[in-house]
Amino acid sequence: MERIHTLAIQQTCDIGFISKVEEASGQHISKCYQCGNCTASCAYTHVYDYPVNQIMRLVQLGQKKAVLQSRSIWLCATCQACTTRCPNNLDVARIMETLRIMSRQENMVAERDIELFYHEFLESIKAFGRVFETGLLPMFSLKAGKPFTDMDLAPRVLKKGKLAFLPQRIKGRKQVAAIFHRFEAHQLKRTEELRQAGLTQPVEGDSHPDECE
Amino acid sequence: MNSDLRSELHKKAEQAWPDLELLIGWQAGYDDLHTTPVFIRDSAEISKLIWNPWCTQNLAVYVAKHFAASSGKDDKKIGVCVKGCDSRSLIALLQENLVARERFYIIGMPCKGIVDLRKLHALSGAARILSVQVNAEQVALKSAAGVLHFPLDEVLMRKCRRCRYPNPLIHDVLVGDPLTPRTDAHEAYNDVAAIERLSLQERLAFWQGELDRCLRCYACRNACPLCVCQDRCIAETRDPKWLTQYMHLPEKFMFHFIHALHLAGRCTECGECERVCPMEIPVALIKEALNKITLELLDFEAGLDPQRVPPLLTFDAGETGI
Amino acid sequence: MRIGVFVCQCGTNIASTVETEAVAREALQHPDVVYATSYMYTCSEPGQQQIQRAIQEENLQGVVVAACSPRMHEPTFRRAVEKAGLNRFMFEMANIREHVSWISNDRQANTRKAAELVHMAVAKLRFNHPLSPSRVAINKRVLVIGGGVAGIQAALDCAEGGLEVVLVERQPSIGGKMAKLDKTFPTIDCSSCILGPKMVDVAQKENIRLYACSEVESVAGYIGNFSVQIRRKATCVDWNLCTGCGLCMEKCPAKKVPDHFNEDLGNTRAIGIPFPQAIPKKATIDKEHCRQFTRGKCGVCKKICPVGAIDYEMEDEFISEDFGAIIVATGFDLFDHSSYGEYGGGRFPDVISGLQYERILSASGPFGGHIQRPSDGRQPRNIVFIACVGSRDASVDRPYCSGVCCMYIAKQAILTRDHLPDSNCYVFYMDIRSPGKNYDEFVRRAQEEYGVNYIRGRVGKIYPKNNHLIVQGADTLLGAQVEVEADLVVLATGVEASAGARELAEKLRISYDQYGFYMESHPKLRPVETNTAGVYLAGVCQGPKDIPSSVAQGSAAAAKVQALFSRDTIETSPQVALVNERACVACGKCIQVCPFGAIQWKELRGGIQKAEVLPSVCQGCGLCNATCPPKAVQLQHCTDNQILAEIDVLCA
Amino acid sequence: MKRRIAYYQGCSLEGLAIEYDTSTRAVCEALDVELVEIPDWSCCGSTPAHSHDALLSAVLAGRNLAIAESTGCELAMTPCPGCLKSLKGALQAFHNQSERDVFLEILAMPFTGHIKAISILQLLYEIIGVDEISRRVIRPLNDLVLAPYYGCLLSRPAQFAEFDDPENPISMDELLVGAGAKLVDFPYKTECCGATYGVTRNQIVARLTGRILDMAAGLGAQAIVVACPLCQQNLDLRQSQVNRYWKRRFDIPVVYITQLLGLALGLEPEQLAWDKLFVEPDWPLTAPAVERDHLEKAQS
Amino acid sequence: MTQSHDNPAHKQALTIVGFLCNWCSYGGADTAGVCRFKQPTDLRIIRVPCTGRMDPLFIARSLILGADGVLVSGCHPKDCHYAVGNLYARRRLEVLKRMLPFMGIDGDRFRYTWVSASEGQRWQQVVTEFSEQIRSLGPNPGVTGKSAAAATA
């Protein structure tokens, strides 16, 4: 997280960002009146760079870069405490999820490991149809450069006979892979449509080179 | 059988006569096919009374008028002959307190149906009808072209073929034995349903075609037993001025909306409006459609229970869905 | 008819999105319009003078003003045309502000719409007739419903002015919520010391009749002549005999009866007087807990009562009274915090409501004014106050601000620090709303002088741990989650419409908003009137407010009644139904449907019956007009011809 | 009459949570529920999918529901709250007019959306019912003191879960009490355990899980009862990591509700895969089974 | 939020006649105005004291003459200023609504609803929805059957 000093509100406010978040999440960000109940309820505040209520505030102010580059959005576990208790009926966890997706689309992910883990997880599904726990962990450890992840647990797990050595290859794994392909094609088509309609957001804050100094 | 019923009618009218100041019934018309109302003020005229499948007029039409005009002195009553359908008109008048039950002596006529002259003429083709005989369920029609036989059912009026109340629902004396009703209730609105099956455009086109013929002669209105306004009808008044006298389609539509909506929740489907229309416009269908609506929406049929208030003249705070 | 049209620009309110000049020009095209103009502020003095001048110079017989809503300025313009010699009903208004300029920025469409609305008004005006009002006598008695501080004030002010007052209170004693308070902000006055004398005044005023333990059963009639049925609920004690000695309460064997006056924090008996200062000071039996009723035998109070006032057989009694005006002051209820599952949903005995804490602080309360925990009687050391519980919270359908909680928390925190100097008080708040005289200073004092810790943020969860309550909240100024280990948590429970408010509104035919608060006639200019003439509002029943505002509204409502009663008769509107006897066919349908019994039969010569409207009873709803088949009944000023003229402008 | 319910076990229950699968199947059989395993089921996509794109997540889960529909079952049950969230997300996407077309286009399988997705707790609590289950208890969990732990997703958010209370859920409490157990008033019923951060950020898990273990230990619970494979994994498998992080020596078994109910219903520990738990209970698993009528007498 | 009705491209002359009771809905429309809640501009409001004043014939007449839509709005049931006027009205209006299509007039061109004086936002929603609905139905050919094309021109 970069510390925000003086924030030039007009110059840095990306209105398109606010409406994009609202559209994708289906939530009216302006409903948030900063009571802090989300922060009060969040189990992850201690590891966040911005507490949830400040994420909401940054979105209200259109601070795209600060939001999408924050660690908080990746450390949210979608436990729903914020959503359950929001006095304004905002689905806060949904907004956080939306921001995560946008952060990846805009290539602004601050928590590379978590993104990588998610990526490997999806790759595992694409390949086998189901998640292959035994294969996923080493692959992640290798790519994340954390070779000793959970090594302490491995002997105990093996002793209990809880990990398979070969992936479960389901019959329909081609069908599952096809879902991924159709989804990706759909994404491409949609992006193209939006681009042609002139509705795409410029990639990575092109319009606001000096957002959060 | 007809002559038996006729003599029974005469007998019962004679018996009732001492309490009556007036008896309204049917008498023979200018030929076999026609009857006309008769207003009997002298017992000698009772013999004029007839009863046959040509007694088409709803005599309840005259009831409200004569009720208002009668003095009721010596506690004398007005006698009236009614078919099943006509009796419902009487009940509807009672429901609205337009007449007082104790002032009437009602002679009920269980009815198998009334012949639709238009259908007879259609069946006989162009030839002039010479005579008609009804035997049991058969009609023998003699015209210049010869004798034709039809089932009676085929030449009955539209309202009779969907009749659910062949027996008068209210009467002081009955002439003949009660009959069993013919049509199931769910078939009663077949004619309305047929229109409903058309598309919106087709329905509009249908009514445009029908109502375009309307002459605004107001015969339909004048024949209606429940039309209370009569000569004060807002189709003709200057103040308020609902309609102009301009003969174009919107004004014709508007007149029929006025007549139908004034009868919403009140019409007893006697069919007189349609019978008297010189242009043969099926105007009763509009009222039948409204009756179907009030039955479905408000569970109400006019002219059945004298105690019930017509639904648009009351309310129910608890009802939902509207 | 010679008609003048005046199109108001309302400064820029209308002119910015409507071409008022063009509207005026187009108006000249319509039949009978001989004059049309546009003006900056038609409702202003010069604007009205312009109309009056035009009436005289142009010899106008009717006037159309296109401006704001007729609900706003129709009376103004009617007076203006009347001054210039026209009948006030020879006037029509087109609403081109609320219905046009303020709801769309499309200048072209707005101008078209405004022109059509003017055309409609002109078309209607051509069918207007001069009408004049009639007068009916006023019954100069007033009913006050609700004996809280607002109702007490209203009753006293009316009585002071010499009016006969009936005060109906649902509870056994007047005093309302204020009687339960310990102190009042921002002066820390003792609540019962300032309310008590007023309550005694009510009992002593000869022209106030108090019906406690009573409710309004039904209301009929209209301004000047209401007829009200009041249900006096069976108290099972003959109040004519009861001296209020309290012996029955001492001897009653049912000792575990929840004490509602103390917000269920302590117990009371099944018979008794709710609190020492109660007015009337009469005993009431709680049938739900009285052994005579629950077990069918006991009879202790009956035996002990020195005056023989106990009557177990007593039944509800109905009395009818007539009034010229009604003041509604039915107050409020406290939000029930059991819907806040994250605060324990009512399961934790030491998480209490603001009013419960008020009783704990009170010297006459369940603990004699000693601050202690309801669960174990221990004196708390750390006390947390949470603001906005059941206020500003859309998730429990209470999005409005209750208006008093910020202040009462500050007061309670100050009192706590006063009682227990060693204690720590923490207030979780979102915003502090203290816009009253000396209010914000008071909140500052809580922080500066009394050391109350204010933490800006809501609380997410409260849970018990080791005989404490862990309060997990946020400090949004710090951007952090915070935890307080509390011994007692006071929820600043908000204000909601009182139970039964909606039912009473329906009896009175007044409107209420979606939360059950009664609607005033105009939010700024007619704050104590309702849309039902002769019915006035005072206190929180109209919306959350504090004691000074409630008292002020009580006085204001009383002043309105005094003004109404300063005359012997009132004008009744001539906008009533009228029967054209020649057209009436005597079908009686109008008589059948009239909700007010305002139509009856009239016998003409020759015994002919016709319908006849009683203008003083007719309220002008027009149901008869819609029902009449030959349209012989016409609602004046809203006749068929007038509505048809408006339709024809649009559709023909 | 045997109830037929489509069964979606999910990837966890094939691996680290195998005992949850074993005990779920055993308990259902004991309760006359026929579980029809969804043929050739695939992964629901879990958190990675909906953090990637809600539509992808919906379709990955949707494939399984589409197959489940072909089994003729009206309900699809999954013991895993994460999987349940994905399955419900699929139904939500299908029932949303604006999403349906593209959802079906990518799914490319016949799907009517008539099937409903439920959790094992919903099956036990709402469909079978506490009364029915406690009537069948033959080996009551006498005097075992337990901490019921629901985790985040089972009842939250309320409009989505449509089950139990979001702040103070009680379904598992009632099932356990019905089976004869004693419960501690557990204030951390819905606190988050650290979710999927075990691998990527296991200090988070150690911290959050530690608080839960600490609370349960402080209240004297002999075990924590769970209904989520991820919660169980964090609390049980990672208890050793927690102990290192907090420098504590927690030794609290973390068991599945189905394992405990299985015991109460008279199943043997092997049928419920008790040996797969990492922290093994130090209390005896099998008190002698009590005859039904004997039990009823004792209860009355 | 998009305000599509402010886009002139959508514009075509529509006639929507509104009959509003003075006490609730007319006040609600005023409230919407005071709050500046933007609305389509096709509605022309006729003020009546109560929906009980509404003879269904007024609506029939408007539609027969070619009004594109008719909107009637009053106090919520049980909240009528005249106690029961709207309870009569809702029966009469519903009967009319169901009768219109039988005569070939689209029942969707007529709507009745209840909006209180405080419900400015609801009024905005009602007007917007109904105007959109009428716009999607297009011009009313009336009973003379003038074609839709001719009406647009």
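By letter and in written order, the chains are A, B, C, D and E; residue numbering begins at 1 in each of them.
Keep this in mind: a residue touches a chain if its C-beta (ideal position, glycine included) is under 8 Å from a C-beta of that chain, and two chains touch if they have at least 3 such contacts.
Everything numeric here is computed off the predicted structure, so don't read it as measured data.
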item	value
Of C-D and C-E, pair with higher C-beta contact tally	C-E
Chain separated most widely from chain E, comparing mean CA positions	D
Maximum centroid distance from chain A, chain identifier (CA atoms)	B
Gap in Å, rounded to a whole number, between the CA centres of chain E and chain A	47
Whole-Å gap separating chain B and chain D, where each centre is the average of the chain's CA atoms	72
Chain centre separation (chain D, chain E; CA means) in Å	53
Where chain A and chain B are represented by their mean Cα positions, the distance between them in whole Å	76
Interface hub residues of chain D, defined as touching at least two other chains	166-167
Per-residue overlap in chain B, given as positions that touch at least 2 other chains	242, 314
Chain A residues counted as touching two or more neighbouring chains	46, 81, 84
All pairs of touching chains, each written as two labels joined by a dash	A-C, A-D, B-C, B-E, C-D, C-E
Complex contact set, residues of chain B against chain E	192, 195-196, 200-208, 242, 248-250, 253-254, 257-258, 260-261, 264-265, 286, 289-290, 293-294, 297-298, 311-312, 314-317, 322
Chain C partner contacts - residues on chain D that touch it in the complex	165-168, 185, 187-188, 215, 218
Contact set on chain C toward chain E in their complex	69-72, 95, 97-100, 102-106, 108-110, 112-113, 116-117, 120, 505-506, 509, 511-514, 519, 531-532, 575, 593, 595-596, 619-623, 625-627, 635, 638, 640, 643-644, 646-648, 650-652
Chain C-touching residues of chain E, taken from the complex the two chains share	5-6, 8, 11, 15, 17, 22-24, 26-27, 29-30, 32-34, 36-41, 44-50, 52-55, 58, 61-62, 65-67, 75, 78-85, 88-89, 92, 116-119, 124
Chain B partner contacts - residues on chain E that touch it in the complex	56-57, 60-61, 64-65, 77-78, 84, 87-88, 90-92, 94-96, 98-99, 101-106, 141-145
